[in-house]
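Pasting the structures in now, so scroll down.
Both of the next two complexes hold chain A, though its partner changes from chain B to chain C.
So, the complex of A and B:
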């Protein structure tokens, strides 16, 4: 074989401009020809799926159909919640003093006072109001509402005073606009006005009854000709979360609010003369006391109610076993660790053996090598993430439901975003790990750094960190990217603790994902600069 | 494109150590150029600079008139083997060649060709981590030949080869040169390059000490000296002196004659009737010639060393 390696000269073959596609193909071959890496990726997917299924099947839900009845488990315990006009599960229970409004019209009231009671120890008992403390919960609501009907989940628009968030205009459970600040009291009452014109409802507020300002306007598509309009009061569950390092305990119970309305004027066609009092949305799905009333005196109406008109949230304050669509993705962090290790080592092993010189001699354009490596690892991680999240959710959700958990509904588009977003989260995390590998060049250091920077903040945030610290960790660190998994947004108008364990994050899904992407871009830029500047 | 490597005025330091100090030489096509010098003389650094892996502080290295990094599919111009151990242990020999081939726009067919020709067919699908150093060298050579380049650059290719492998490597390098390719081969052992190199670039302390053909180096080192052993020293000195030669007495009773070739010395002594027991041309090996050259430049020398490891 003395001269066997010499191929016949091929004068016709002119080297073309080397393209990115060639570098990409080379890096892909590098990846798939190391069996350990391929196995690690499969293991990553399996860990994610198995942990997810385990978590979904380990909810231990029990319930009783009547007090002192036998303890039931499984689907018999599944609570049922009304569905709002936008398809989300809602809480819709309040006390309503109402009349029929036919066609266009308006209602104007003065809220002279809003007072309340709450159960600080979380005990209900035979008489829920016994042993309550005086005071308003922050999101106690009293005001005027126009609703399509009194079936829970109906379309509505309302303008109201609240316990601690001033005047608000809210509609269809998820939309919330702020008006005047401050509480409604005898010395500083609030005037509220709702005008219905076709499908459009417009809300105004005033501090003196003569100077009015617009709070908001909304269109309730397909609103009936005859709607129910009137005065409502509701007051959600009072919760207190005691935080100490390593644990948080939440306790609380129902609350009740009472509002005095006067100076009531109506325009348009109001066929009835008297206010009818109706307790809307009582039953298992209601967080209220179920003790509401309306008292009419000449020139004034007092309404007392309990419950909430809001999107249903998970976590403390949720009525019953409620879980989220993305619950089966709980095990992702473990799979992510395996992926991060492979991704970082995809770069560092080349430094360990001097193989990086062969690579850069073959492809002297270093930015292209970095891009090819990041693309290959990112694409592999995306596929692994996609397979893992599809499997975990299709296998985990039925188990979750069979256990009796109510899975909060999300739109098809949201479900798609959760699944594809999870794959993207895995991909970008892997790309960042590649960049960290290129920067640090040593396997142990790079793997440690990648896990500490990416996975550890998330683990700390969902476990030991106090809620306020965890929220900042989930805003600033790459762990913010996990927000892409949330199917139910965090609504500021619902008092709920932000806890990724319950599926809520301080940043919106794409906002959190953007934070992760920004980190990845910074890491890639650092890797690019160092790779170009350093001798190989 | 001409099959040449031109290195001009390379200068580079690693911390306080000056690795390259004005390194300049040219590698010509059609011959094997030996790149020789002690460890730490800057051979590997120079090769890394040629490949665009290390950036010099001054000077430049051109491959066929262009910087290596500017070549599209550079391995089709210059094939290199820097470190045979630079392999991912878990990847097979074929996998290693495959990614290299794809990076140069070459096909899997070319990979199978070089595997066959390097004699690696039976082990091609085995993990490279289990390869002996000799097998790794073959794999490295196969990788360098993937793009069928007109320029080859091999760093210490004889390392770890068994005698049979050394013979094969010599024949292989010679055949490359015969085909008109430019071959640059580094070694810290001059003996490895005997019968292989046509041209030598001898380096020490980051610069070129000698840039010469092998034939010229040997002739210069021999210096035309002849050793004579005779019982009739005065007669011999008289006869040779008359012919214009310089004669000096060596320590062991022999005479060293310079200025006359051995045949002429024999003729002169025979004509003068001077008896002698031995006349020998001062035989210089390539290694001795090289030792003379680098005596000044050598940075670290093992003091009294029976086998001079350079």
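So, the complex of A and C:
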């Protein structure tokens, strides 16, 4: 096998390409003939899979089918959530004062006030509203909505005032556009308008009822000819999260919002009946109190409701045991440490035994040696990462479901991105460790530096640091790369704490991965410059 | 007349010379001094950065243990301590010095304990500076960020019992990390592998614990792995800790003792 090292250049190849192939081959032979490194890579894959299965199989879920009933575990506890038009799990519960709109038409209202109540301890008892504190949760919503139907998960478009985020137009659970800022009060009310024209719904807002501005427009493909339209109010769970060393504690409870609508005008084909009040999406999947009403007085309609119309998020505020697709990849950290050790030492041991001189004599272009080493380690790490993540997911997910956890659905492409992205994350991390090894030249220093820049920021972010600081750490350090594993996006229109432990990161998946790649490029550039400048 | 073969030297015989030899080995190269300086500087800098980034506005209640927050840098400083201890052992193997050392002092366990004493002593001294620096930066920064004693946050004076415990405990923590790393290094002999395993022991459990939902395993990991040692930094909510401050440090001490014992056994019964 070693004949390749001394074989004459093959005539067909350009000399520089041939010698890169030789350098690559030499590095590959070095890698695969050191038994310890091969064993370490296999151990890295095994430990990743084993710890992942362990984490997926130990979610510890218990539930009761009725108050004071026997405690159940396993699949009996799996909650069921409605699925939105785009395939994601959603929360869809609100109080709806509605009528049937046939064909095209519009509705215009004035929101004269929005007030609310929330529970900070979750102790509801017979009447959840008793013992609540006055105040609005930030994403309490009141406004007008056009929906395909009242089955939870139906396609919809709505324009609304919110507790603390001004006027918004939202549609199909995941889309959110901002309109006027400020709260709706008696002194500064908000006018809202929705126009349906075929499949297109357009939302407007106004601060005075005469000057209107466009908030947004959306196409709800396949919207029925007869839709339900009217006034809605909802108010999500109130949560306060306190993060302390090694754990975070969340307390909170349901909330309720009440809005006064007046100045209601409609165009199009509406029945001559009064508003029909319906509680949409009650039951176990609802985060609401289930106590809503519509009260019609001459010239005004008051609606009160609780719940949310939003994508389902993990973490505090999730109504039931919910977990994410990437949960079985938890063991990756352990495997990653083993891979980082091998990758850094793949360069540093050359210096310990003086092998570097032989290496550079055989391949004098030093950048080529660095590239060959990085390629070999990156490719091996990619394969190890791919095998480990495929095994961890295929073995872990069924256990996760058997525990009674609802695994948030993600599209096929997203699942593919999580699995392949994890392998790429492992590969880039390993390449960075090779570069750190080339820069520092000593095993202990290189391994320490690699672990400290990759694992430690993540550790600090999920344990000691306050949430806002942790978010910056996960944006700027190489640990940002773990965002590639995120299967459920972080939606700003859902109050949730950004917590990697619940599968949410401050950067989007590819953005975080790009940050890691940038670090790897900087490390490689540093290694290249130092390798060329220094004596070996 | 007693023949020389019958003389039974006490077990500590020659240990002063060994201590001196170990001290000479560490103090005559520049590496350890730089690493000790880095322990102080990095611990202080990371602690100060954590202080600077954390605020508690007047209208909020913050469940932050201010003294513990000001000691955040220990999380990073311990990596440098581990590196120092690992190198103290592994450099002997990579340079072949170990044969000279063992020829001069064939009692291998005494060599290891002398090395452990010198390294731990140095780490404790540097750790004291690192902890003091961290507490001083906390005392300077945190009250201005809303963490005042008047609002119930811990006092940054060593006369305040819990703060003293956190400070002394953190210094001892770093000393125990040195012993743990030394033991691991004596077992594995290779610096890269040793530091990888040591940092894995220190960093993996807290990361893994953030993801594990099972309360039984969660509290087992909190109580019985080396991460238990950091409970000694708690000054508030001590009753609700998974394991008491000193008990937690005790758990780490058991890990360190086990590692150094195993390292000693390997050193004693294996060819160098």
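To be clear about the criterion, the second predicted complex is superposed on the first by the 511 of 536 C-alpha atoms of A that agree within 3 Å, B and C clash if a C-alpha of one lies under 4 Å from a C-alpha of the other, contacts with A are read in each partner's own complex, and residues count from 1 in each chain.
Note that contacts are C-beta pairs under 8 Å (C-beta built on N, C-alpha and C of every residue); 3 or more make two chains touch, one makes a residue touch a chain.
Just so it is clear, the structure is predicted and the values come from calculations on it, not from any experiment.
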Practice item. Could you look at A:291 and tell me whether it touches chain B, chain C, both or neither (first, second, both, neither)? Key: neither
Review point. Is A:459 touching the first partner chain B, the second partner chain C, both, or neither of them?
Key: second
Check your understanding: Does the superposition put A:364 against chain B (first), chain C (second), both, or neither?
Key -> first
Check your understanding: Thinking of the overlay built on chain A, is A:25 touched by chain B (first), by chain C (second), by both, or by neither?
Key -> first
Practice item. Examine A:355 and indicate which partner it touches, taking first as chain B and second as chain C; both and neither are also allowed. Key: first
Practice item. Pick one for A:390: touches chain B only (first), chain C only (second), both, or neither. Key: neither
Check your understanding: More chain A residues touched by chain B or by chain C?
Key -> C
Check your understanding: Looking at the overlay, what does A:333 touch: chain B (first), chain C (second), both, or neither?
Key -> second
Review point. Touch check for A:72: first (chain B), second (chain C), both, or neither?
Key: neither
Revision key, fill the gap. After superposition on chain A, the chain A residues reached by both chain B and chain C are 349
Revision key, fill the gap. Listed in rising order, chain A residues that touch chain B in their complex are 1-7, 9-10, 15-18, 22-23, 25-27, 29-30, 33-36, 349-350, 353-355, 357-358, 360-365, 535-536
Exercise for review: Could you pull out which chain C residues touch chain A in their complex?
Suggested key: 50, 53-54, 62-65, 68-69, 72, 75-76, 79-80, 82-83, 86-87, 90, 94, 190-196, 199-200, 203-204, 206-217, 222, 227, 230, 233-234, 237
Check your understanding: Once bound in the complex, which stretches of chain B touch chain A?
Key -> 48, 51-55, 68-77, 80, 82-83, 85-92, 95-96, 98-100, 102-105, 110, 113-114, 116-119, 141-143, 145, 148, 168, 171-172, 175-176, 179
**Study point:** Parts of chain A lying in touch with chain C, wherever the complex brings them together
**Key:** 51, 54-55, 58-61, 242-246, 249, 327, 330-331, 333-334, 337-338, 340-341, 344-345, 348-349, 352, 442-448, 451-452, 455-456, 458-460, 462-466, 468-469, 472, 500-501
